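When the chains are written out, they are named A, B, C and D in that same order, and each has its own residue count from 1.
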Amino acid sequence: MDAILAQLLNGLDKGGAYALIALGLTLVFGTLGVVNFAHGALFMLGAFCAVTFRQLITLETVTVDPTQLSAWGAPLEIRTPLAQTWFGDFGAVLVEYSVPFSILFAIPVMLVIGIAMERGIIKHFYKRPHAEQILVTFGLAIVLQEIVKAVFGPNPISQPMPTALRGAADIGVWIGLAPGAVSYPLWRLVYFLFSAGIIAAVFAFLRFTTFGMVVRAGMADRETVGLLGINIGRRFTIMFGLAAVVAGLAGVMYTPLVPPNYHMGMDFLVLSFVVVVVGGMGSLPGAVAAGFLLGILQSFASMNEIKQLIPGIDQIIIYLTAVVILLVRPRGLLGRRGMMES
Amino acid sequence: MDLFNLPRRDWITFGLFALVVVTMPIWLTPLGASYPGLLQKFAIFAIFAIGFNILFGLTGYLSFGHAAFLGVGSYTAVWSFKLLTMDALPAIMFAVIVSGLFALVIGYLSLRRTGIYFSILTLAFAQMCYNLAYSVLTPITNGETSLQLTLQDPRVIDSALAARPEGLPSASIFGHVFDGFEGFYFCAALLLIAFFIALKIFSSPFGMMLRAIKSNQTRMNYTGFDTKPYALTAFVISGMYAGLAGALLAVTDPLAGAERMQWTASGEVVLMTILGGVGTLIGPVIGAWLIKYFENIFSAFNEQVLTRFFSFLPPEITEPVVTISSKFVGEGWHLTLGLIFVLVVVFLPGGIMEGVRRIGALFRRTTPPSAPAARPAAPTIQPAE
Amino acid sequence: MLNVIIGRLAPSRGAVVFDGKVLTGKKPHQINQMGVVRVFQTPEIFPELSVLQNVMAPAFAKRDGAFRINIWRSLESERGIEEEANHILQDVGLYERRSHHAGALSRGDKRRMELAMCLIQHPRLLLLDEPTAGMSRHDTNTTIELLKKIKARGMTKVIIEHDMHVVFSLADKISVLAGGRIIAEGLPRRVRRSEKVQEAYLGGAHRLEEATH
Amino acid sequence: MTLITKGLSRRSVIKTGLAGIIATGVAPTIFTRGAYAQEFCNAPTGDTVTIGFNMPLTGAYADEGADEDRAYQLAVEHLNGGGDGGMIPTFSSKTLKGNGILGKKVVGVTGDDQTKADAARDSARRMIERDGAVMITGGSSSSVAIAVQGLCQEKGIIFMAALTHSNDTTGKDKRRYGFRHFFNAYQSGIALGPVLGEAYGKDRVAYHLTADYTWGWTQEESIKNATEALGWKTLAPVRTPVGAGDFSQYLTPVLNSGADVLILNHYGFDMVNSLTQAVQFGMRDKQANGKNFEIVVPLVSDLMAKGAGSAMQGIYGTSNWDWQLTDEASKAFTKSFGAKFGQPPSQAAHTSYVQTLLYADACERAGTFYPPEVIKALEGYEFDGLGNGPTLYRAEDHQCFKDVLVVQGKEKPANPFDLLQTVATASRESVTYDPAIFGGELGPDTAVAC
């Protein structure tokens, strides 16, 4: 029982990441009709926003002290972080909480990147076949990840999480189980809550703002909205920017869990497409539901009891689900009838 | 003779192609690419790309999981080496058959969907193959460690015919062991056969049907064709080409690793085909050669080479130029590849072949005749039924 | 109604019977192989093939059936089929443009090419959905002549058409449908006199259907 | 293009020829050298000799690869007489004079093995066929080492393996042309067992998370055997893919499994990720079976300790070498490396450097690059002065035998590089084992033309 609860938590937390990435992907597909293979790269760029931010606030001045020697006998370098010299205590807090603070940095950066991508390339592919959209965005993804590799190097760069959130929470105690029965890392709980918050915010935005209503109408029927004389083009640009921000934020908050490297986007890309397909192409609730569902399935499939029953299931569960869904119910769990269905 | 019945134009194409392939060790020498390992790769990946193009170029079905068949071919060939004999022919035969069977099953299921759903189905199947090869199927694939020959392998046919040689044997054909360029010529011979079959398919009624499927699947149905078996046949043929390529990888170097099946490897063959020109005969081959050439030669460029290259510039400019350009070669050659690829998709959807055609048209100052067989058509996805 | 016959839509009740065989539930390609061929209202062609190839493809379906792997023959060695296609292209007046890209043809030419694609199969029943819609008067007349010629060869056709000129120059038997019901049926002369038809047709809301023998 | 086929043993022909000459008493050694010159792959002809450095510049072990790269740069510099000579002066064999190898200047070519067997073999082949490398060294994964070793055997090129810890490299997959200076998982087990027994007691339940390939498998087996000999119980091991990134779904089941020790058979970034994530799961603060829950990382390096940061504190593991060793050789190497790169060398750098020197020395002692002679010079070679004290290159399996260090993550590092402390040293005698237990055959040392 405790084990199942722990695994469920793990599934929710994995699912949070999947859902967030799939959400952005579906926004782009639903509104713009573009199959964006560069979406994983946006996730990766978000993570590197956190890296950049931390590198900026931890810039150091280096002075060499020839009187002291390092362990292998070279003159000792003394490093002083600039943020602390400038901002004092606030600088220290900034460094300590660099990951949450990077969110503020990532939002404008990702918005600009997203808009630039849409205006620069994606815009010209609205009317071209899906295969060409896949190809151009795939190429774009390669370019983006290679740029990051050229700037930051091929190795992962770890982002420490705030000390206060480093440990595990004894969740079992909260719900009346024995101490230590179910404990789960605090940051992963934060990640889950964060993704839930972002998802809620996106849904609220689409439901309660005029902008959102037009977008939803656009998702339902592009041509009609175009006829109404609403400048749908500009709104779609903003939509792409929004999707980039959602993907980027998912990346920022993910960095303390797994140190980001240049190809993390590609690792998530295949997964996120599977999530979108399982949820139903163009269905936002579907993407979210499928994200959590697949996270939980993957987590349960990793349980030793299940693996003894079906060896290797943990490795293929996600793809297997996708194959079954595509063959049995091609429009996905919550997809509309006729949405690229065949 | 129906078998060798080809229009004269195609015979010329084939003759020129054969000439180019056979003389590769000569004309690639000044380009620094004339060594067996790379030449074999040129031949092998050209086969892979030609096969992929039979599916994607003709029928328009974009498979994102073709590397799975390459991997299956490699594993089968290595097992044939381990269990039966070091002779290359049975290994190739088994590899083509087994990968064909894999393609039949995966194709049968995947072809029930079209468009992006088809792409994702093939991707999912290939990733399943990869992950299984990596984990549970370790007894068959040796997982991450990769399947290799060992001294303890039974090799029943070989040991029945002759005494066990000292050390690890190499792949051979009728007892003759490949050495250096011979390995390349063996691959080149198979490339020519593969190219010839592709030529036949392109100029046959069957090839026209495949192109018609890409053009308008609904019309195909109302014209009295059953499109599914056509698409499936194309899928299987293309899977068998991939299997052949995989087998040749194992023949030239008897080792099979799971990463051959990863989706990035599938993505590579897509890149090759698009870069060269989808739906053309020669395009995918050129794409394969370019990418493999860059991967091997371009990636070896470093700052010293660049400094020498830009030495004609004034010294104060040389350094920034070298620093910037070094990001695009060596380890960063993927960046160049990605940029070229994006530019091709945006401006030249027909790939390099379309570029060649446009330049040709510019010289002739006439519009090129619209012979559809030679026309690289933009890749389209199937209309939903 | 044509969609029901060729198997694109399923009938809500009843069945389609042709030549003693039930067509309902059959796949489109099976229905075609039984000799029921259709021309669409918006041209359904293979835009990426040449005009000649567009016309040759259906001939292969007629000769080789729904599926055949024939890689060992080359397209150019299929002289018989090519000649027949050329012949039919001459009939529809597209012979000069046979090596053009079908996608580049004008709409009227596409429709005539589609007609050629159907004719080469020598169908036992030809279904035409407004074969002259969007054509100029001149093109319409050419098409009528063409259809008359085919009629002389003795092929059953079902034509859906609004244009009375076309209908009355071709039809042997006319059925007038309004709101899904047959409101008049019979020889052209009688249908022309029917008040219901005139009312319905002048209202412009309904379609005329005719059959010729 | 050469028409010599591999099947034909050229060497036997030469042997017969030489036997005649020796019999007549006119066999000057200089002639033997000349005679070998054309009979093997990539015989150096000009005034340079090319060595192929094949290491992971991308992938899960890229950090180690970058350090290997530095070590190779340093080794080439020292062999060609540059810098302070590093360990050349301390090396017991005094054949290296800083004039290259056999008077030929050493040139290095590098390749990225991507931590993948397939890519590594491809890259090695490129260096052999295109660049004319006479020796290949590097690798940072045992699957890479085994794959490249197999290729080198086929091509008749000597492979000096750097980082590879699997028992199979010099066990069931050993090759005549492959040599390993690094220790192996079996030796780790022997060294680590007693320390774990003393620290954590005899009554423990261990849970293994294992990288799913040859190294992980053999290390899991070796540690399992060593700890079960103490009286520990072992739960069913869980295999994880290399480069998994997020290990949370494998870590969650550990908490409720009844285990009180987690053994991480991971290396490189995998180990950094799994260890830090395990600590995030609260495993170091946890109680199980009435005891403190413990984590063990059987193979650990400075680079990984750096990556894992505070998570590493107090954790036991084994190392091949540590820069804080106090012998003259280690100090000289650390000084020379630190001066050039601004950081101390890792065990990966050390073993790479040593392997390059050992090959150069073997060529000098053999008086030729002819691989069968170089192999003979290395087999059964006893040396000192390259760190780790007296060392033997055992002839039966090409495994080095030397002291093995048991290390622990430091609680209070004095500087950013002071991360591991040596808590015990297992003597060379104690980690020596019978080569027969792992089986395998070395194969022939026949030279191959290419």
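Just so we're on the same page, a residue touches a chain if its C-beta (ideal position, glycine included) is under 8 Å from a C-beta of that chain, and two chains touch if they have at least 3 such contacts.
The shown structure was predicted, so the numbers you read here are calculated from the model rather than taken from an experiment.
Visitor: Which number of steps is the smallest that gets you from chain C over to chain D via touching chains?
Guide: Steps on the shortest route: 2.
Visitor: What's the distance between the Cα centroids of chain A and chain C, rounded to whole Å?
Guide: Taking the mean C-alpha position of each chain, the two centres sit 54 Å apart.
Visitor: Centre to centre, by mean C-alpha position, how many angstrom separate chain A and chain D?
Guide: Centres of chain A and chain D (C-alpha means) sit 38 Å apart.
Visitor: In whole angstrom, what separates the CA-based centres of chain B and chain C?
Guide: 43
Visitor: Residue numbers in chain A touching 2 or more other chains?
Guide: Each of 154, 315 in chain A touches at least two other chains.
Visitor: Counting only residues that touch at least two other chains, what does the list for chain D look like?
Guide: Expected reply: 57, 241.
Visitor: Which chains touch which?
Guide: After working through each pair, the chains in contact turn out to be A-B, A-D, B-C, B-D.
Visitor: For the complex, give me every residue of chain B touching chain D.
Guide: 25, 32, 35-38, 131, 134-135, 138, 143-146, 148-151, 165-168, 170, 176-177, 179-181, 253, 255-257, 259-260, 296, 331
Visitor: Provide the residue numbers of chain B that touch chain C in the complex, in ascending order.
Guide: Within the complex, chain B touches chain C at residues 2-3, 5-7, 10, 197, 200-201, 203-209, 211-212, 214-216, 218-227, 229-230, 233, 369-372, 375, 377.
Visitor: Which residues of chain A touch chain B in their complex?
Guide: 35, 121, 124, 128-132, 134-136, 138-143, 146-147, 149-150, 154, 266, 270, 273-274, 277, 281, 311-312, 315-316, 319-320, 322-323, 326-327, 330, 338, 340-342
Visitor: Could you please specify the touching residues of chain B with respect to chain A in the complex?
Guide: Per the touch definition, chain B meets chain A at residues 60, 62, 109, 112-117, 119-121, 123-125, 127-128, 131-132, 134-137, 263-264, 267, 270-271, 274, 327, 331-332, 334-335, 337-339, 341-342, 345-346, 349, 378-382, 384-385.
Visitor: Provide the residue numbers of chain D that touch chain B in the complex, in ascending order.
Guide: 1-7, 57, 112, 116-119, 121-122, 125-126, 129-130, 142-143, 146-147, 150-151, 153-154, 172-173, 176, 211-214, 239, 241-242, 441, 443-444, 446, 450
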